[in-house]
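Chain naming follows the written order as A, B, C and D, and within any one chain the residues start at number 1.
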Amino acid sequence: MNASSPLLNYVIFLPMAFALLVLLLPGNEKGQIRFIALLGMLVNLLTGIWAFVAFNPSGPEFQLEYRLFWLSDLGLSYHLGVDGLAIALVLLTAFLGPLLVLSSWRFVNERVKEFHVCLLVLQTAMMGALCALDIMLFYIFFEAMLIPMYFLIGVFGSEERQKAALKFFLYTLAGSLLMLVALLCLFFLSGPEGARSFDYASIYNGLLEANREVGLCMQNSASCSNLSATAATLLKWGPWMFGAFALAFAIKIPMFPVHTWLPDAHVQAPVAGSMVLAGVLLKMGTFGFWRYAMPLFPAQAWAFQNLLVALSLVGIVYGALMCLAQKDIKKLIAYSSVSHMGFCMLGMLTFQKEGTMGAAYQMLNHGISTSALFLLFGMLYERRHLRGVADYGGIAKAMPIFTVFFLIISFSSIAVPGTNGFVGEFLVLLGTFRSNLPLWAGILATTGVIFGAAYMLWVVQRVFFGPVTHPANTTLKDVNFREFVTVLPLVLLVFVMGLKPQPILEVLSPSVERYIARVHQARPNAEGQTLPPQRENASLRMYVRTLPSKKTESAHMGHAQAEALGPLLANNPAGERL
Amino acid sequence: MEKLFPEYPFPIQNIESGLWLIIALPLLGAFINGVFGKALGRKNVHWVACASVGGSFLLSLLVMWALGKAQPEIPGPLAYALSADYGTWFAVGDFKVNFGLFADRLSATMLLVITGVGFLIHLYSTSYMEHDKGYAKYFSFLNLFVAMMLTLVLADSLVLLFVGWEGVGLCSYLLIGFWYDDEAKAWAGRKAFITNRIGDFGFLVASFLLVLLMAASVKEAPRGTPVSNPRFSASLAEKGPLAFQSLSTLASTLATPDISAAKLKAAKPDHKPALLMERDIQTGPLKGFSYSGVLTVVLLFFLLGAAGKSAQLPLYVWLPDAMAGPTPVSALIHAATMVTAGVYLFCRISYLVVLSPFAMATIAVVGCLTALIAALIAFAQDDIKKILAYSTVSQLGFMFMGIGCGLFWAAFLHVVTHAFFKACMFLGAGSVMHGNGDETDIKRLGGLRKEMPWTSWTFLIGTLAITGIVPLSGFFSKDAILFGLETQQLAGYTPVLHTLYILGLIAAACTAFYMVRLYVLTFEGKRSPLAKLPHAHESAWPMTLPLVILATLSIAAIVYGVPFLSVPNAPNQTLIEFYLAPVFNASNQANQLGMKAHMLLPGEFGGETPWNLLWTGWIKAWLIAVVCGGISCFLYLKVWRGGRKFPAILEPLRRFAHNKFFVDELYELLLINRTKGLAKGLYRYVDAFFVDRVAVHGTAQTVGFFGRVLRWFQNGNVQAYASAIALALAVGLTYALLQVLS
Amino acid sequence: MSAFSNLVLSPMLLPAMPASTVVLPSFSFHEFQPLLPAALLAITAMLLMLTEAFSVSKSRSYQAILAVVASAVAGFLAFQNTQLPAGLILNGRGVMDGFSSWITLIACLAAGMSSLLALGFFRQRNAERGEFYGLLLFSAAGMSLLSVSNEFVTLFVNLELMSLATYALAAFWRRGNRSVEAGFKYFILGAFASAILIYGVALLYGATGTTQLDMLYHVLPKALEDSPWLVWSGIILVLTGLSFKIAAVPLHMWTPDVYEGAPTPVTALMSAGIKAAAFVALLRVILHIGDSSAMLLHILCFLAALTMVVGNLLAIAQRNVKRMLAYSSIAHAGYILIGVAALFAGGHLGNKVGVLSATQMANSTAEMLRSSALQGILFYLLSYAITVVGAFGVLAAIERREDDGAPNAWDLSKLSGLATRRPGWALAMALFMFSLGGIPSTIGFLAKLYLFKAGMSAGLIGLSILGVLASAAGMYYYLRVIVYMYMRPPTVTETGIRHWSTEFILAVSAVAVIVLGILPGPLLDWLSQASLFSPN
Amino acid sequence: MIPTTACLFLSAMLFFLGMLGFLLRKNALVVFMSVELMLNAANLAFIAFARMHGGVIGTTGHVSAFFVIAVAAAEAGVGLAIIIALFRTRRTLDVDEVRALKH
């Protein structure tokens, strides 16, 4: 809660430090390398937990801020800070870290060094993207993620790995480069010459008024006559910029038409790769929508709502149907996560409390259950090196404990009450019903419940039950201690998050409310959740710690606001920090 | 009961705060057996299992006692309820779900049935599953099931109820597929779960719509109505919109007369007072629909849910296949408890149900059709368990009819009695299989009466009970429903009820026929030559004892059903009716307020009881039972005994019925294959071909193509390069020239 | 031909001065300051030539060292000069400004690094001959002088000085016929281009009566009224001549052949140094003759778009890594052209080239545009020089003697499994590839960011979008190199001969790519102070 | 005296002839000669303009011509050396033969 805390730096860069350490080790010392990497991940987990504890839900929006000059003349600054959603995702990422190393303890046997370096660097990149409060900084981490992931898939993957890796890299890159252009446009629109910076707060606050005007104008064309220059530009080119942002993030999520890279990537990636891809990387898309696309273009968000909702609905049903048509288990899980992420997007697009909260929670759920599925399947793959559903059958005989784990996780992924999946999905669906979307949308989304059960149980059925079809499957070993330890945390979390979600929901809820308020600013008189104007104002403007220097003019803007909104900030610690 | 125990053994508060124990015990048992089962060894395993269920049985008894008397400090029907709140589960915005338990006389009775029958079946299983490898697993699943069922019954909000609802589905999935290495059994489990999931879909949608309805009414209801009462908004904030308390308040609000509308209509003579629920919703997503319309839709979605769980049309297909599980499981889950969850649900929200006559009529119709079809199918089945399964389906149909005609108590009474005699018969069947080397084909059995006396006698009692021979509980519960169909009136749909009455009688007749057929073929006559074992052996006491107890119960339950052994200060009420009065109070009030469905309220018998109707009804039913029973007895004992050919005229009919009217095949053809085909088609053509090949790779290849084309120009010839330069120069010059000229 | 020629002669080129009184003007020392690096380089070059004439020793490594030292010192001098105020020197034949000094610095960098590369390269092939380093330094001197020249004939002479040396260098590698062919093509086409250039100069001279850029700037508008046709054809000819050197499409076709054929160190020099020098020449000319009309802007944008797209497309179809790098260098020239266009658009605020016009971009000032564009261009040239020299260094290191002249000498398969054979080199190469592709946390990303930012602040949105799309497509072939290095099993066994100089180059540039990619702070501050002499 | 335009016309003719020669002739030496031709066209233009402007401005033209000549000489030096080397390796001067590097 103090003015500046270096904590997030540790969260971000400790893995990198350990990566350097690993780099120094001799390549044939596999045991050492694994151990150091595991150690690094554990330390990272500790710092992550520390940050989570240090975060105070009732505090100001962005906490644990840290800021340094960096490329000031370009408008960049090294600015970190987390809100509720970010800290939750940080915790998730940190939590998955050790499991990644453990899961590939035996799986990866050559080029162990490169592998673990990649994992650690990836960890750094993801943490950075989550903690960045400077859009360009976010972008940098967002792109930097590609490199280690590319190597993870391309070097350590299975037979088709090179194509998959290339596809993954180029597909994602194309989207995010367009976002880069849109981002530069924003930068120029965000303020007059000299007052610009890529700082999230300054861009956001810079566009706040314009967005209001655009929102008004889009609601009744009468108020379009006297738009400010910025608003006019925003009105004219906003759709394109939003489109660029949306495309970049939609590819990452991935949403319906741009999803085909995911199955290939998942199928080819090694266990840890799939885990982290499903667990965290996909969240970057939803997180991007949440943090950047929607709040920066509220008016466009409303304008595109129907399109995006349609896409996510298609994603939910279509993804599930795809699963029914798969023969390759990994591919099936990949498509199932298309379906699940559809739920996330749907919830976020309700622009309404329950739905948005559900979406946020669903991100965490998906991160846990899907990566657990990949982890478990990885164990099977490690034993048989086959991916086809038909290659298994009657596994339950040979591997009872494993079967129990897999069942639990699959039930969590089809949202059986009592598991984490239920809370998220229930909230999303409830939100969809309560939002301004047509009722059939909600009903259609609810059918996902049926399809989910259909394909998930189909896999369980074919893999675990029935007679043993392949003699090789009779001799499979059940999970050993290491594997047990790897899975157990996930399984426990499934139940903990299913039965005691409230603490996490409380951490998330302030960011949920702000998100909604920000989207609704473009709909001043939209029915549903609009906050009372005063609080709206206070929660809409963004207060961040700024540098005492001419280089970041957002500081001065901040001061101006502080005087203007003095009374509002009386109880807002952020106010004193200006 | 008050007579037996004038004093509570404990202060009520302790029982109230201890409600969670009832669920916790079996849960604990499940955990212990599941995790340490292998280590414990069989003895301890079944000790843990039985003890946990028995424990919660005792606790349920306590609850029953506690509910005996009203708690003066609480007004209204809640006076007869215990409730305990264990904190929030999750809360977002104005939506909230608590871990709240709630036991009124309805749930208490269910508690007793579940834990009591459950205990007996555990006991039975100890002997039945003796030689099975998955002993511990079996018991942990069974305990888990009991825990889930108890959650379902004790839940004080729809969401928590849904936890139990899905939980029991889950357990039945696990138990049906208990012998998973048999492909078919595993598939049966999956079929059950997915069919239930379709139901759950309905359940979820209904609950969401209810939330919307609640929000709308809170926003729009005029002052003076219960929802606009500040105390209610407080409790809403505390318990959340889907808690049953809130729902009942909603119901009573919707049923209040609409003053403004009444004023408008006041001019006209003989107007029915308009109700709030006839208003249109002004705000929110439901804008434009009328309250009553939405309510009807909600109830229909609930019907879908209930149909999934309670195996009604069109979702009944999973139940017969569910017989793949061990027989005790069929007895507990697929006869006594889980399948009655749908009926329980409707009793729980009776106050909402009575507000929509259309929904009620639909429920009744669905129930009736199910009863008939199941009965007809049962005619031609030869598998003992299959027959029992179909009879269960058809009995559930009767219960739905009871709901449909508004006699909730009757439906519930049938739940209880059915639990007794059907469990008894299933266990009997189990014992038969146990004694005959797992032979299930009744054609290959017979003449067991001497070899397995206990089993056969108890089975006989069960059969008589279900056929409805007078001195047995089944008669009164079933006949109460039929009587209701005959006499109740449902605004606008009374004729429907009367039609259903006839069909109901037919169903009852069929029931009598095939049940007797079952009994006769299995136990009477002489042993069939095709039998697996030369001689059957009676089962051990852990199996016979439950049979005896259940048989006794299915006789004893009569005391709840007979109207004229009257209760003080409530003449001519059946015991159960009187006992459950507080529960259905809300619905009666809503009903009286609404006058929507003019039902002959049970309490009003006193005035002019249609004794003649009652008596004639009874006699009709009794005659039907006896006659049909007699006929089938005659046919199967004398005419078709010993491989005598079945008359050829009926043969195709028989085969048609034997193949369950090809309903499964129909679904396979219309739904499942279509879906699979759609999925495959989409994957092959849309995803793999169009999106991936054409759109994604297409782009890449186009780019590559242009690259190769351009590359071709780099032919290495200096002069070619130079001419390119010259060309560029020329173009530049012309461009400049044009610029200059223009 | 020495670098001093035009110093000695320049007094005689005085324009506006009565013919009767010919007095040698007096120059203050600081006017010579910008020329010092060039002078140093040239002198060292001559020394090297002399040593070649008289020395008997077999090894030439001392020459390489000498060259490196010379270029280092020259670079240091140039760095000193970056702080000089912008202004004319030598009666306007030359300019001094931070920009030119930075270009000189880049030239020295390129010269130094490529001579280090050459040291290892020729030692392994024991084909060291002394003229090499001399020519190399001459070429560097030429670049440096080119960057300061402010008068057409001077510019032409320096261009030739630079080019002639490079022709010789390209053809230097006598074994096999590829090197000579490269030299020949480069020479013959270069001569062709410079003939066009000088003809254009002649025409401009005719139209305006001066060959001095700053004067030209002032008289051009009038000349445009009198004889527009003459002026325009002159401009077009000059632009053509210059675009040839920066290898803008469609004048790019020589690049792949020459880059492939030339000895790899020379290729490094060409792609790093010559490009920079050529760009500065183009830039100066455009700045002086450009403002007259927006038409030139269109030509520039057109050139930029064409260059980016075609360059990348061509590179995608390449399996020969060296050739691929050549094509990619064309693409990079395209990106830089965006910067040039932006710099130039500074004069034309409110133009409607891009999607958004510059005015819509919240009133950016002309100065801001110019400085940011300038910074962008400089930074890009610098980063490109560092990265590409490194990349060619790796190629030089893994090149096999017996492959000299073989058509598949630099085929991708030669790289396969490099990660296992030489992890260090592979890592460095991967870094260079990511940097060329513009992936964040490398210097390449920042450079692109600067350029696109500059381009957009000038309102060239369309161009920027095209640019990012092109670079996305371009990422494909960079990634393919990595695929071969990391994801394919090694096909060839031998690991390439190590030489300390090569290793040194690789290490330095790899570190620079990363460090400058993350903390370019001071460098950027210096760059941001770089001044550019502009006539108005 | 000859009008400037005539000189200019001549120089233009020379320039284009040179260009055509460059594009059409096959012998490397001839091709190089046509470059020289173009350079001389430039010289001619310089001189013509110099005479047209006359006076001090004219001197620029004259001097430029000298520089161009000098540069041309240097080019010839380097160029001929390269062409000789080319001939050594290929035993031909036909530019169409010089196509080892392509695509």
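We adopt the following convention: a contact is a pair of C-beta atoms (placed from the backbone, for glycine too) under 8 Å apart; a residue touches a chain by one contact, two chains touch by 3 or more.
Please read all numbers here as calculations on a predicted model, not as lab measurements.
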Chain whose Cα mean lies nearest the overall Cα mean: A
A-C or B-C, whichever has more C-beta pairs in contact: A-C
Mean-CA-position distance for chain C and chain A (Å): 43
Distance between chain centroids, defined by C-alpha means - chain A, chain D (Å): 65
CA centroid of chain B to CA centroid of chain C, Å: 80
Interchain centroid distance [CA atoms averaged], chain B/chain D, Å: 99
Per-residue multi-chain contacts in chain D, two or more chains: 22, 31, 95, 98, 100-102
Chain A: positions in contact with at least two other chains: 170
Residue numbers of chain B (touch at least two other chains): 700, 711, 714, 716, 718, 722
Every chain pair in contact, whichever chains are involved: A-B, A-C, B-C, B-D, C-D
Complex contact set, residues of chain B against chain A: 88-93, 95, 159, 162-163, 166-167, 170, 173, 177, 180-183, 186-187, 190, 193-194, 197-198, 200-201, 204-205, 208-209, 211-212, 215, 283-286, 675-676, 678-680, 682-684, 687, 691-692, 695-696, 700
Chain C - residues contacting chain B, complex: 184-185, 188-189, 192-193, 196, 228-229, 232-233, 235-237, 239-240, 244, 250-251, 253-254, 256-257, 293, 295, 299, 310, 313-318, 473, 476
Parts of chain B lying in touch with chain D, wherever the complex brings them together: 711-712, 714-719, 722-723, 726
Parts of chain A lying in touch with chain C, wherever the complex brings them together: 70-71, 73-74, 114, 136, 139-141, 143-144, 146-147, 150-151, 154-155, 161-162, 165-166, 169-170, 173-174, 177-178, 180-181, 184-185, 187-189, 191-193, 229-230, 233, 237, 240
Of chain D, residues touching chain C in the complex: 8, 11, 15, 18, 22, 28, 31-32, 35, 38-39, 41-43, 45-46, 48-49, 52-53, 55-57, 59-61, 63-64, 67-68, 70-71, 74-75, 78-79, 81-83, 85-86, 88-90, 95, 98, 100-102
